[in-house]
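Chain lettering (A, B and C) follows the sequence in which the chains are written, and residue indices restart at 1 in each chain.
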């Protein structure tokens, strides 16, 4: 019951938060010096045409009215036309969504699968040589600029070792979309050649995004395990002579993982942020490149669409994390 | 009856950033099978460290020795004591809420204990057969009834935070007695509880332990509590035991000046320590010899010497003092 | 306290790196081999690998990378210190007021910071920086506008938990004005958290500023901005590997320095949030 109330309360906060976000981005994008009507009409279009476009898209109305109209349109699923691609922004986002999600999911899976055990082992063998190395690598992973890491990986794996492509997502057009995830689509169709090609393209951007995420997860898991090891119930269980492996793998781990889970929301946010830069370096045709392109083109409908979309995903992920946490921790139920 | 627990001149120090903290200094005392011993002292006097040393769960920074702990003839400082812990010696913690994992039900946690520490378990047994599981479940229910918890089946499905403080401590007592131990170490088991239920819990612990013939080493900073439930009392001061005596003898004829001054300052609790001038010495630079001598009205030159004073004015009454005359409490 | 600080190796390493950065920035001119190279053009010396003359090699303009890195340190400090300072000056008072009072604007202020936190910081920073145009002060503005909520949040939470402490209530009961209580009683108690957050925040700001530079939204060329230097190097890969490596390592070291310093300060100053690491 409390769980439902929590989820409901968080959902109710979502619209006002997104509205505020829309307002911020709207204000930012409308002080853009470029005239959107001029951009839309083309460099050399006659003045009458520019004015016609200005009127058609309501750009001649006062800003508050434009904002209210925009919000009304978004609620009805219309995010406007991209000035750059000349297509509905919603369509652009949906089309580019799978590329980013495929990349992000692989990256977060890799980060969790490697980071979690590493953090646990590092905490259990605190101050061993393994722990020292893990901590050093973690500190490095958190301090590395994502774009620089991307370039280093390209330099090593693509240019020197010739193992992976430098950029892009696939040779040619990729498999006909079912889910939009190239690796998954190729598997469904039994096309292993495409599957491995897609994986090779995925490898470097995935690694670039996964390394800082992994560092965060290792750090929090390690700290969490060390923290739980200090707790009184661990002392009690030791005093009562329960086998150490049971105490660690059942009681300590469970408690520490709940703490790590709350960080996954944060990690996912960082991943989306990283995607803007990393996708640009790898020419990955996802939301990140789209956002970067639209910002460069002063394509304000696209910028707002991307921001609102990212915001909703971000809020949604944090909601999921909160719900999962209260399911796992009986005190929150 | 023979000695169950024999602690001989045990010293424990902790390595800290500020040097060695000498928390226990040649502590000696003994317990007989079946008796309830109160270990009384202010916080920081070393009673919790002593309890931990007997349990074999001192922190890694502890340096143990010289001295020894023997339990039923076995040296507890030699080798792994995991087979003793939770089986022959069990533990009741100070804060029962913290001692449970918040993420598992009471039933899970009691079951886990019995899986490894049930009296029916054969040493080294790996699996957990259905027969033993069923027998252990019955024992758990019986134990919960013994500690007067109603509706034990329902209680087992609850999480620790859903119980009251008193209920949790009753479960802790049940868990401490389930393995059928010879010695229960209760570390200030009621300080976290409401005053009104403290007495109930203590009486329950006393009754159940005597019925089962288990000894209890009970640490407290409250002399009144010790008077109510203990057979014998040991007073500690700054890492040294001051005096051990039968409870009646202890309260009527204290001989160590520290004990005497404590009793004189009753009903003030030990924690307040009103009426004794001076301060408790730091464990980093304790005074030589008897650690109480800087505050002691009877102190003479001999008290500064490292030689341990030892007197047994009457059978079973031990005083670590060079001047063990009866202190006039009145 | 000082003894404990000195025993923390990580903290010392962090302090050493940050000190080096500051020294490099102050003494960029005497330290560099070719101070004139920073904005110059020497076609004959283009893309030389590291060697005795050019310790870290040269770039596409034939400029000494080592000298450019030193001058880049100045820019890095300028951007990160000013951006963080503005974020602190905005975020701390907001969090303090919102946390001290329990009125409608407390909620409102926190909801506003929620809005800013609802989208990755770098996205907002990119949008603002692009709108305002490539210039150093615009980068500073973009970063401080997106990072202030972090300080507002932490100060808000700490102030809230202090609000019912006896010494605060005592100060209020003695008739101290709200401003006095906030500045003289609350602020000193939460200063260590702010210092820790600010130190770690410096690392984040440097990374974000470098990302903006890399995307071409930072200071215009020929400013020796580390992120932009990496972006420029991409055309010349894989041959001129040193071109990308040197500024990347500089960023890595400096961010690491601030993170280590922040972690060390947290462990020492604020035992409540000690992480046991």
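What we mean here is this: a residue touches a chain if its C-beta (ideal position, glycine included) is under 8 Å from a C-beta of that chain, and two chains touch if they have at least 3 such contacts.
All values derive from a computational prediction rather than experimental measurement.
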Farthest-lying chain, centroid of Cα atoms versus that of subunit C: B
Highest-count interface - the chain pair sharing the most C-beta contacts: A-C
Distance from subunit C to subunit A - Cα centre to Cα centre, in angstrom: 23
Chain centre separation in whole Å, for subunit C relative to subunit B (CA means): 53
Separation of subunit A from subunit B, taking each centre as the mean of its C-alpha atoms, in whole Å: 54
Interface hub residues of subunit C, defined as touching at least two other chains: none
Contacting residues of subunit A [partner subunit B, same complex]: 231-233, 235-236, 238-243, 246, 250-251, 254-255, 258, 328-331
Subunit A-touching residues of subunit B, taken from the complex the two chains share: 52, 55, 57, 81-87, 90-91, 93, 95, 98-104, 112-113, 116-117, 159, 161, 175
Interfacial residue positions of subunit A with respect to subunit C in the complex: 13, 16-18, 20-21, 24-25, 28-29, 31-33, 135, 139-140, 142-148, 151-152, 154-155, 159-160, 219, 222-223, 226-227, 230, 269-270, 272-273, 276-277, 280, 291-292, 295-296, 298, 303, 306-307, 310-311, 314-315
Footprint of subunit A on subunit C - complex, ascending: 111-112, 114-116, 118-124, 126-128, 130-131, 133, 203, 207, 210-211, 214-215, 227, 230-231, 233-234, 237-238, 241, 244-245, 247-248, 251-253, 255-256, 259-260, 275-277
